[in-house]
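As structure tokens, here come the structures.
In the two assemblies presented below, subunit A is common to both, partnered first by subunit B and then by subunit C.
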Partner chain A sequence: MIEAAAQLAVNAVALGAVYALVALGFVLVIGAVGAVNFAHGELVMLGGMVGVGAAMLLPADLPVPGLLVLPAVLAVMAAVGLAVAGIAYAPLRRAPPTAVFIATIAVGLIVHHGVTVGIGPEPRRGPPLIDSGILDVAGVGLAHQQLATIATAAALIFAVHFLLQQTRFGRRLRAAAQDPEMARAVGIPVRLTIAVSFALAAALAGAAGLLLSNQYLVTPTDGGALMLKAYVATVIGGWGRIWGAALGAFAIAVFETLVAASASYLVAEALLYLGVLAVLAVRPQGLFGETTGRRA
Partner chain B sequence: MTEAASRDGLTLEDVEVRVAGATLLGPVSLSVEPGTVVAVLGANGAGKSTLMHAIVGTAAVARGRIWLGPAEISDWPVEHRARHGIGWSPEGRRLFPGLTVEETLDVAAPGNKGERARRIDAMLERFPVLAEKRHETAWRLSGGQQQMLAIARAVIADPSVVLLDEPSLGLAPVVRDQVFAAARGLADAGAAVLLAEQDTARALAVADRVVVLARGRLVLDWPTQVAVGNPDFEQALMGA
Partner chain C sequence: MRRLIPVLLLSLAVPAAAAPALAAGAAEPVAVSVLVPITGFLALEGTAQRNGAVLALDKPPAGVSVTYQVADTATSPEVAVTALQRALDREQPVAVAAPIFGTQMLAMAPIADRAGVPLVTVSGTAKITELGHDVVFRFFPTDAVVKVAQARYAVQELGMKKPAVLYQTTAYGQSGREHLARTLKQLGVEPVLEEAIDPGIKDLVPALERARAAGADGLLLQLHSGPTALAVRQAHGLGLGLPVVAGSAMHQPTTAALLEPDQLTGVCAETASSPVSEADPRVAAFTNAYRERFHSEPDAFALGQYDGMRMVLAAVADGARSPQAVRDWLAGRRYQGLAMDYVSDGTGNMAHDAVIVCYDGTGRVPTIMKRYDAVDGVR
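Here is the complex of A and B:
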């Protein structure tokens, strides 16, 4: 009983950490360009597929195949993110945000159908991060995979936090997200910060896809549901608030895991969206959002 | 090029800004010499902020030319103008609300880490009210502190031209005096300062020259000592 509860908690934390990666990338682009990247869920799926493909190039008996392909997934997906910025944002940067919405929906569809046509609609299993052993903690056995997922996602989240809070580039990226015109007027190269935001967002999406692909498999149709969860996490966390979205994603995963274990996944999904409606009714600015303004 | 090489400070030649076919500004010709404050006066909607936007590059110039020293900057991107000597404190301050005072200054400061730290310390020394708020986010500052931060952000790169757009708006009288003293101090340190203001008396107290805009056109450009008390100046202001 205790072991089941502990494993459930670890599952929830692992899924929450991965959803947080998805939401972080999603909200980074919202902050950078003020528009939603509706291809973000497809980028998570694509990252999983890149992981599957990269793992096939490795010898079969490696102890940490997932960790070995992670740098390749990050690099490939960062390049994909730059391509998305070049195709779906740069030509439309003077157009209303709805034009970017539509362009990213088109990119998402291209990715979705491109993967389906290219490798087929079947689910694929990504490489395990590390071996499939069990770690005994005070008599409770915890799966290596889940612990490695938590550690990897936490390391990536910490790296993003360090980049945004502790480096000058991160501070400039935040400034450009808050007021792009003013940022340019103090000398910040806003086009560069936007391109990096897209690259970083896609790399995080790809990492999340890789982390999900072993336990949950990866299917070309996965993007829509993941996109919706990132959107919901952002709504819960406060629109455009980076760490609010990560916390929102974490809350979704914990809720989903606990309800799915005691009822079913479908019930969890239904209650989740009811919960979102309740949040919006009570706190339209999101659970972690707050009103900021200029004092007189 | 001979003419250009002789320029210093900021020069505008017949600058016009149009939006959707309507002329919002101009044609305006104006120069601001280094070490001087030029006050831009006029009613709301007279074109003061549009003039600032044209110089910064956030409003497209439909006609005319803008010079920064000997360089024509009319076609330069906004960030390029900022990096080459245009500092701007906009109307409404437009601080980055989630950044602290130190972070705000850091993103605008040029140079390596050591150079930026030196510049930030110099700014906090020049504006002591910000020093005790160094780690406070901008949106939590008082209005006066926010205005000082906006000015410090505008000048931390040591620009040769400083644009101050309605810096006293919404501030208490004692804080207004500090803001205008800061504007004068920038000019005394060698900058060419263009000061758009509604507070005519305080602006005239620190300005070397005064220009009046009315419906986007420059209707008067006089030395301050000539303008003060002159009925024609008062008339121009009333009609602005």
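Here is the complex of A and C:
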């Protein structure tokens, strides 16, 4: 009984930490350009696939294969993020936000179909971050993979926090997001800053995809459900509110796991969306307030 | 936009996929269209369908020449209907290898019916053969066959008395659950848990823990490929130690590839056939040809579609050179395929047998444990 509860709790926290990474990248782009990047879920999936591919290039018996491929996934996905910015944002930066989000839908579909046609439709399993062993904690067996997932996601989240709050680049990024005209007037390269936001968001999406791919597999069709989770987390946490979205995503995963364990998945899903409706009715700016007035 | 992309892909795919297959001394070629979902959520099964059809059409019997074109029907009925109308206008096919996706079949069947062109599919959706369109031919057993085999094996062979049923919220999952529940009731067994699971759910531990808490003595799964692998893996990780009889997704080599052999210990699955498990030299030849051509392992969907297209070619070889003649041949003849013998039940259901395969924990190739012939009484 205690073991089952501990297992459920660790699963919920691990899934919540990864969903928080997904939401973090999602809301970074909202903050930067005021429009939703509908390709974000597909970028999570692509990150998982890049992780699978990179792991195949490693010798079979190397330790910590997932951690070894993580830098490569971050780098490749950052480059993909720059490409998304160049294709779906830069040519449309003077158009209404709706044009950007439609362009990102197109990019998402190209990624989805490209992966299906290019490498096949079957689910794949990514490398374990460390190994597939079990850690015995007071008689309760906890999977190394889940513990490593929590630690890696937490490290990435704190790295982003440090980047945004403690560095000159982070201050520039936040300034460009809050008031692009003023930022430009004081000499901040706004277009470059926005492009880097896309790169950072895609890198976080890729990391989330890699973290999910071992325990929960990765399938070309995964993007839509992940995108929905990020969107709901952003609505709950506050539109454009970075840490609100991350906390919202974490709360969604914990809530879904615990309710599904005590009632059922359908009850969990129904209660979650009733909760979202309640938030929209009672506090439409989200639990932590709204930083971006425009919604798309 | 979601609907436009597949149409664009379709336009690109058609010229690339067009291919004539000519047997020595062949007569005037007949055309066959292959319209299957190569992208979208059924791409895995659709790709197996395409591969099975292409393998059959590439080597027609002596005296038959055939041209075929492949088009992607993706996931919407509109794209499938457009692909069918385009094929009927441009190719005048004598038969169509049609999508596994039942919703697309329901949209295509009236059009094919008006044109009199047979649709040869492995779709499991019951309704496609219940609406009076006499052009639909299904070369894969329905849930009325495979779910009966699954429930019987679990109860009669493994001795399950308190199974937990985990099923997908999709039409596939719900249809399977209904048939499982009906058969279990006939066998005097009541599930201790029935849990509906959305395909987007990532963590199945909550459902597995509830099955354990309910005192389940076995798991019956009706899940798609990824969730099936996840359920088996997480059940193993939790140390549930329960026997598992899964749906046909578990027989697919792509699903087994996601699991370690020890995680597969004691896991069984229902299916129409398991080409990689068969010792029959004809099936082994098919499996080898499939591997050589597509660099992947064939599953029951590929073999069912292969058998369906071979039956169409047998009809053509026997002189049926129009859609109506091919339809009549399919409706009235018995055909010995690689997976089983096929004969119509009068509504286009051609497959009536099922097998149960089980993994022994030493590898990813299952063994055929039991064959259930003529489950629906059609011989």
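Keep this in mind: the second predicted complex is superposed on the first by the 284 of 296 C-alpha atoms of A that agree within 3 Å, B and C clash if a C-alpha of one lies under 4 Å from a C-alpha of the other, contacts with A are read in each partner's own complex, and residues count from 1 in each chain.
Heads up, the rule we're going with is that a contact is a pair of C-beta atoms (placed from the backbone, for glycine too) under 8 Å apart; a residue touches a chain by one contact, two chains touch by 3 or more.
Everything numeric here is computed off the predicted structure, so don't read it as measured data.
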Touching partner for A:257 - first (subunit B), second (subunit C), both, neither: second
When both partners are placed on the shared chain, which of subunit B and subunit C touches more of subunit A: C
First (subunit B), second (subunit C), both or neither touched by A:189: first
Contact set on subunit A toward subunit C in their complex: 4, 7-8, 11-12, 15, 102, 105-106, 109-110, 112-113, 116-117, 120-125, 143, 212, 216-217, 219-222, 224-225, 228, 257-258, 260-261, 264-266, 269
Contact set on subunit B toward subunit A in their complex: 56-58, 77-79, 82-83, 88, 90, 92-99, 103-104, 106-108, 110, 113, 116, 139-143, 146, 153-154, 157, 170
Residues of subunit C defined as touching subunit A within the complex: 1-2, 5-6, 9, 38-41, 43-44, 46-47, 169, 195-203, 205-207, 209-210, 212, 225-226, 229-230, 237-238, 254-255, 257-258, 296
Residues of subunit A defined as touching subunit B within the complex: 168, 171-172, 174-175, 178-179, 181-190, 292-296
